[in-house]
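Mind having a look at this structure? Questions to follow.
Labels A, B, C and D are assigned to the chains in the order they are written; within every chain, residues are numbered from 1.
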Amino acid sequence: MKAIPVEAGLILAGTLFMLGLISVLIRRNIIFMLISVEIMLNAAGLAFIVAGARWGQPDGQVMFIFILTMAAAEVSVGLALILQLYHQLQTLDGDAANKMKG
Amino acid sequence: MELTFYVASAIAILSTIMVITRYNMVHALIYLIISFLAIAIVLFVLGAPFIAALEVIIYAGAIVVLIIFVIMMLNLREETVQQERSWLTKDIFIFPAILSAILLAEVIYIITSGEQIMLDQPSIDSSAVGMSLYGPYVIGVELCGILLMSGIVGAYHLGRQKKKIVHRFLEHAEQ
Amino acid sequence: MEKYLWLVPALPFAGALILILGSGKLTKGISGFIGAGSVGLSAAISLVLGLQFLREPATVIQQQLWSWFSVGGLSTNFALHLDALSMVFIFVITFVGFLIHLYSIEFMHDDDGFTRFFAYLNLFVCSMLILVLADNLVLMYLGWEGVGLCSYLLIGFWYKEEKNGYAARKAFIITRVGDTAMAIGLFMLFQTFGTLTIQEILNLAPQRLPMGSETGTIIAFLLLGGAVGKSAQLPLQTWLPDAMAGPSPVSALIHAATMVTAGVYLITRTFPLFELAPLAQNWVGIIGAVTLLIAGFSALTQFDLKRVLAYSTISQIGYMFLALGVGAYSSAIFHFMIHAFFKALLFLGAGAVIMVLHHEHDMFKMGGLKDKLPVIFWTFLIGAGSLAALPFITAGFYSKDQILWMALASEKGNIWFFLAALIGAFVTAIYTFRMVFLTFYGEEKTHVGHPVGALITIPLVILGILSFAAGFIELPHTLGHFTLFSDYMTAVVPATELSPGIESTEWLIQLSAAVLCLAGVGIAYFFYMKRTDLRAELKSSMIVTNRFWYSGWGFDQVYDFVFVKPYVYLSSINKNDIIDAFYKGIVSVSNFFHDAFARTQNGVMRWYIMGIVVGAIFVLSIGLLFQ
Amino acid sequence: MVLLLFIIILMAGGVVAWIASRFNETVGKIIALLTVSADLALSIMVWLNRQAYLDSSQDQWMMRFNAEWIPTFGISVSFALDGLSLLMIMLTFFLGVLAVLTSWKEIEYRTGFYYFNLLWVLAGITGVFLTMDLFLFYFFWEVMLIPMYFLIGVWGHENKTYAAYKFFIFTQASGLLMLLAILSLYFIHGSANGTYTFNYFELLNTTYSPEVGRLLMLGFLAAFVVKLPVVPFHTWLPDAHSQAPTAGSLILAGLLLKTGAYGLLRFVVPFFPEASLELAPVAMLFGVIGILYGAILAFSQTDFKRLVAYTSVSHMGFVILGVFAFNELAWQGVVMQMITHGISTGALFILAGSLYERIHTRDITSMGGFWARMPFMAVIALIFSMASLGLPGLGNFVAEFLTLLGSWSANRTLTIFAAIGLVGATAYSLRIMQKIYYGEARMDPHRSSHSQDLGTREKLIFIPMVLLIVWLGVYPQVFIDTAKRPVNDGLKLSEQKIRKSFEAREAVLNQKGGAHE
């Protein structure tokens, strides 16, 4: 099996993470923001896997499972919040929910 | 194998770019599935077949389906796309892109500054992961259980369709 | 009788207390009776004591009342000490005080604050008695400040006029400046001697303080500071003319006869300290000489009757200081006593005139009162004669002549002191008779109200007799050589040492003084009786000098400019406390940052994420730069 | 036990008064009055028997009370009473009674809570004066702070919130520094001796290097100089004084400031005599600056209460001047100053309150000519403005005279400047008389028509104050004797400590010298 450099894996994770980040920053639609967060979480998980593969240890995969669990919980709560928001404000505009500004 | 990795990586990046530039939410989600699948391949290549499977099942399957359900529940139509088109202009990209580029450059610099190490470890099978999970990480598993539990309760509570004011600041908006 | 010494100050105090507590409930008759009666009783006691002292001048009566405070080596008592010197003072205070109380009963009769007036006046008499009877300097300081307070209250007695209040305040603050110097003197005395009892200090002084030592000189100067403040001498004299805002009996009692001579008492009392500091003693003389001239010339130009008398008081106290400066203590005290008689007489007379003329103070609007008010005229004339020191027949001549002689003849005297005193005498004669001629001669300019009653005339007559006759208890060598008073005073103060071989010139000096005095009267007669037309010409030719003298040599203006204005300015620009600005600054800085950070809390989620990103970039960059 | 009783009576009285006021306000007032009066009577009884108490103990302490509180941390409920604290608590209860009386009519809403706060402030102050456990001391320091904050913040005048915050932040910030110093002391003592305790008497024997001593002293000093207050930490005081209700100003000026002075005498100097000695010239300089600065500022104020507040700044300058003069005269002067200032300034604040009740303004430029209308009040004002300018025969003179006499031997130049402050005092005191009582009546008749002279209740307040200030002026010996032991012992203790540390240092030097030889 031909070896893949660690850097390549990490750069892929980093790039995906940055793309997710850009998306969070530019989107106003709150569902898109949620999707972007998923991308970022996934990228972070990927980085763990790369690191785990680097050392040949299962810990990276364990971490991925934890992240996965968290992502699942986050999505379910996040979607519930989106539903509420949409019912309350009749919009998916994340900026509309700014009543907590100082 | 190596080639597979690079191709899958390229597809993952490209499809993610497509995700973040779509106006239509369903299109974006389709691209997202592609991205997840590509990443699953990457994971497989990196010697984590079990995780690759989880990626496909939970990310590409469960999570995306959940989002699509919500989109259907909210009954979003063409006007959402129009709205998205008006929100997502070209210039809004500039500043976040610059910031992210800087960050990425720094990360890449940090990653590449060390000596090059090849990933040639054999794949770690699911039993090793399982041993680890229920061995040293058992506390984490318990905590995940609690998290999921509270996630379910929270989602149920928040998702109830009763017209209920969840926060005093929203009172005015409701009226 | 000695047992009852404490009654002398206590009686007026009790009177004051009753009057204060009973104010509003006592009738005027009772108030007057209590006021005058308590002082009268004091006067009677002091008269009896005085007779004893005349037989036995060296008597000393000590009376310890109670311990005031005793801390860390300082023990201060409420204790009285009566000796020949304080005897003269308590006699003058109680006796003149009593006469003035009598006078006031009629003078103040129509005033609303009748009871209040007598309460203050009694309190004053009490404080003044404590001042002169005090056995230690702290108690003396109590009396010293007490008279200051009463002076403040009485100058501002007619409180409805705001300017009276300001005059009172000015008097208090300026004397307080002197008092502060004196207080510092007390601190030094305590450090040097470990006690503040006067007699102990005086006994220890020659051992602890070598002749002309620095400490001794500073102490003497500080005490002089106190004396100068209270006695309205240069440079703290400016309060006295303004103090005339008070009722005339007050001016007579406080600002002529008693309180203003407290400085003379202080210096005489502590004369050994001054003897040990020749520099300071010389300055006492210099201050006296300069003050008597400045005040004399100022008196020449005044047109308010009472201000003339005020300046003349400053001038006469200058004479006393001059005498003290040349070591002629008994002469100073003698002049104090005589001055108390004739100046009280003049003020009371002036007060009567002013009352009769419906509160007219301007001499140029008076005139022709000679026949209308004969008793006042004659007694006033005696007083004026005494003030001008008309030769041979008036008491003032004998007391002032002694000072003139001592200024030259004493070992510490010199020709400049003498010349100053001589010129002063000349000026005194001019302004005194200018006053007499303007007030009583010429044609009547203001309508004369109802004539004065017995309670006013009797004190005038008694004081008139005293101003005339009291001089004969001390006659110079050339004229009978009768030295009752100076013999009496030797129990307390030493006789003045004369320069050798000067005795023979005494008659010459007396002659020159007499001639100058008469010349002064003549000049006053010429300008104010004979050739009144020349007056305006003279005035216009000397308009600048006139104005300068009229304003009391510009001291008020200078002080105003140097002290008062800067203080008020400094105070008013800093009304809101510049230091608070610092704390307010802290507040506004934190408010600024609060506003700045609050703005980032804008509720837009992406903005927060942006913050995280920027933070991450920052941290990573720092890490990369300093790895 | 009596010592504990002093505080418990007040605290319990406060709670009972609060509850009672819910049903009947007058009953609440009467309970408050009785509570403080009981304490006053109790303290006077102790005072009258002071000789017996002194005879029964071998040192300056007349009474002690000790009980465990949190033994694990060495915290105990520990009280002790000596002459100094006795004088202070008598003053506390005396002014406390007056404070209750002045509030009788002034407080119109939430009366019960008001009296609760008032009594708890007094309890806190009493605790500060009595406690001998530093932890408890800090506790009481806070107890007096928080109710005071409410007194200002709830019942104050137009700008009360600002003033209350300012007061709270200043005292709290400085108090935290003190807490830091207390804790450091606790740990230093504990690590050196093995016993961790907050006990005053134990901590008194702590030894530390001069540098540490200096730092710790600054911690304590911070709390006390802010409370005192010393320029430039005084700016909370004019605001707090002028905005507080009359009783609040009375307690602030009369008692709260004294806790600062008391702390200097009780803690700063005995704990850190060496460091204090080093600091003395600077501290005295600040005292003199305070005297002069306060006098100058008082002169230009137009708000009566603000004016009086600045006179407090000026008078408290004498306290710090005297404390750092380190001799018996000055310290006795300081003790006298604490008492007399409490009475004279307190009286001026009550006068301001009485005027405010009548004409609803504190602006002295709009007053004038009140002598004719209110002669009795004018006499009272005269007496207390004379007291504040230091007229002999009234208490303040004795205090200032002794302080200056003592500080003269410590530092001449500064004493001269401090004495000049007396002239400044004359200027501002007479300004009070001039602006308020002299001159023609300036208020328009419509507003001042109901301005009558003092009533019976007010006379009942002022006459004891006048008697006391005169007593302090002409026969202060009893008070001086009461404070004699603590003052002398405190000075002796500090002197011993300084000598010991000098000897120790010399020994070290000698050793070093020996090594060189």
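Observations on the model:
Please note the rule applied: a residue touches a chain if its C-beta (ideal position, glycine included) is under 8 Å from a C-beta of that chain, and two chains touch if they have at least 3 such contacts.
It should be emphasised that the depicted structure is a prediction, and the values quoted were computed from it without experimental measurement.
A comparison of C-alpha centroids places D closest to the centre of the full protein. Rounded to whole angstrom, the centroid-to-centroid distance between subunit A and subunit D, based on C-alpha atoms, equals 63 Å.
Subunit A and subunit B have Cα centroids separated by 4 Å. Mean C-alpha positions place subunit B and subunit D at a centre distance of 67 Å.
Subunit A and subunit C have CA centres that are 94 Å apart. Counting partners per residue, subunit A has 21, 25-28, 99-100 as the residues that reach two or more other chains. Listed for subunit B are residues 96, 99-100, 103, 107, each touching two or more other chains. The set of subunit C residues that touch two or more partner chains comprises 610, 613.
Annotation, chain-chain contacts: A-B, A-C, B-C, C-D (touch as defined at the top).
Note for the complex: subunit A touches subunit C at residues 21, 24-28, 33, 94-95, 97-102.
Across the complex, subunit B meets subunit C through its residues 96, 99-100, 102-103, 106-107, 109-110.
Contacts from subunit C toward subunit A in the complex involve residues 597-606, 609-610, 613.
Touching subunit B in their complex are the following residues of subunit A: 1-12, 14-16, 18-23, 25-29, 31-32, 34-36, 38-39, 42, 45-46, 49-50, 52-62, 64-66, 68-77, 79-84, 86-89, 92, 99-100. Residue ranges of subunit B in contact with subunit A, taken from their complex: 1-2, 5-6, 9, 12-13, 16-17, 19-20, 25, 28-29, 32, 35-36, 39, 42-43, 45-48, 50-51, 54-55, 58-59, 62-63, 66-67, 70-71, 73-74, 76, 80, 83-84, 87-88, 92-93, 95-97, 99-101, 103-104, 107-108, 111-112, 116-122, 124, 128-129, 131-133, 137, 140, 144, 147-148, 150-152, 154-159, 161, 163, 165-167, 169-170, 173-174.
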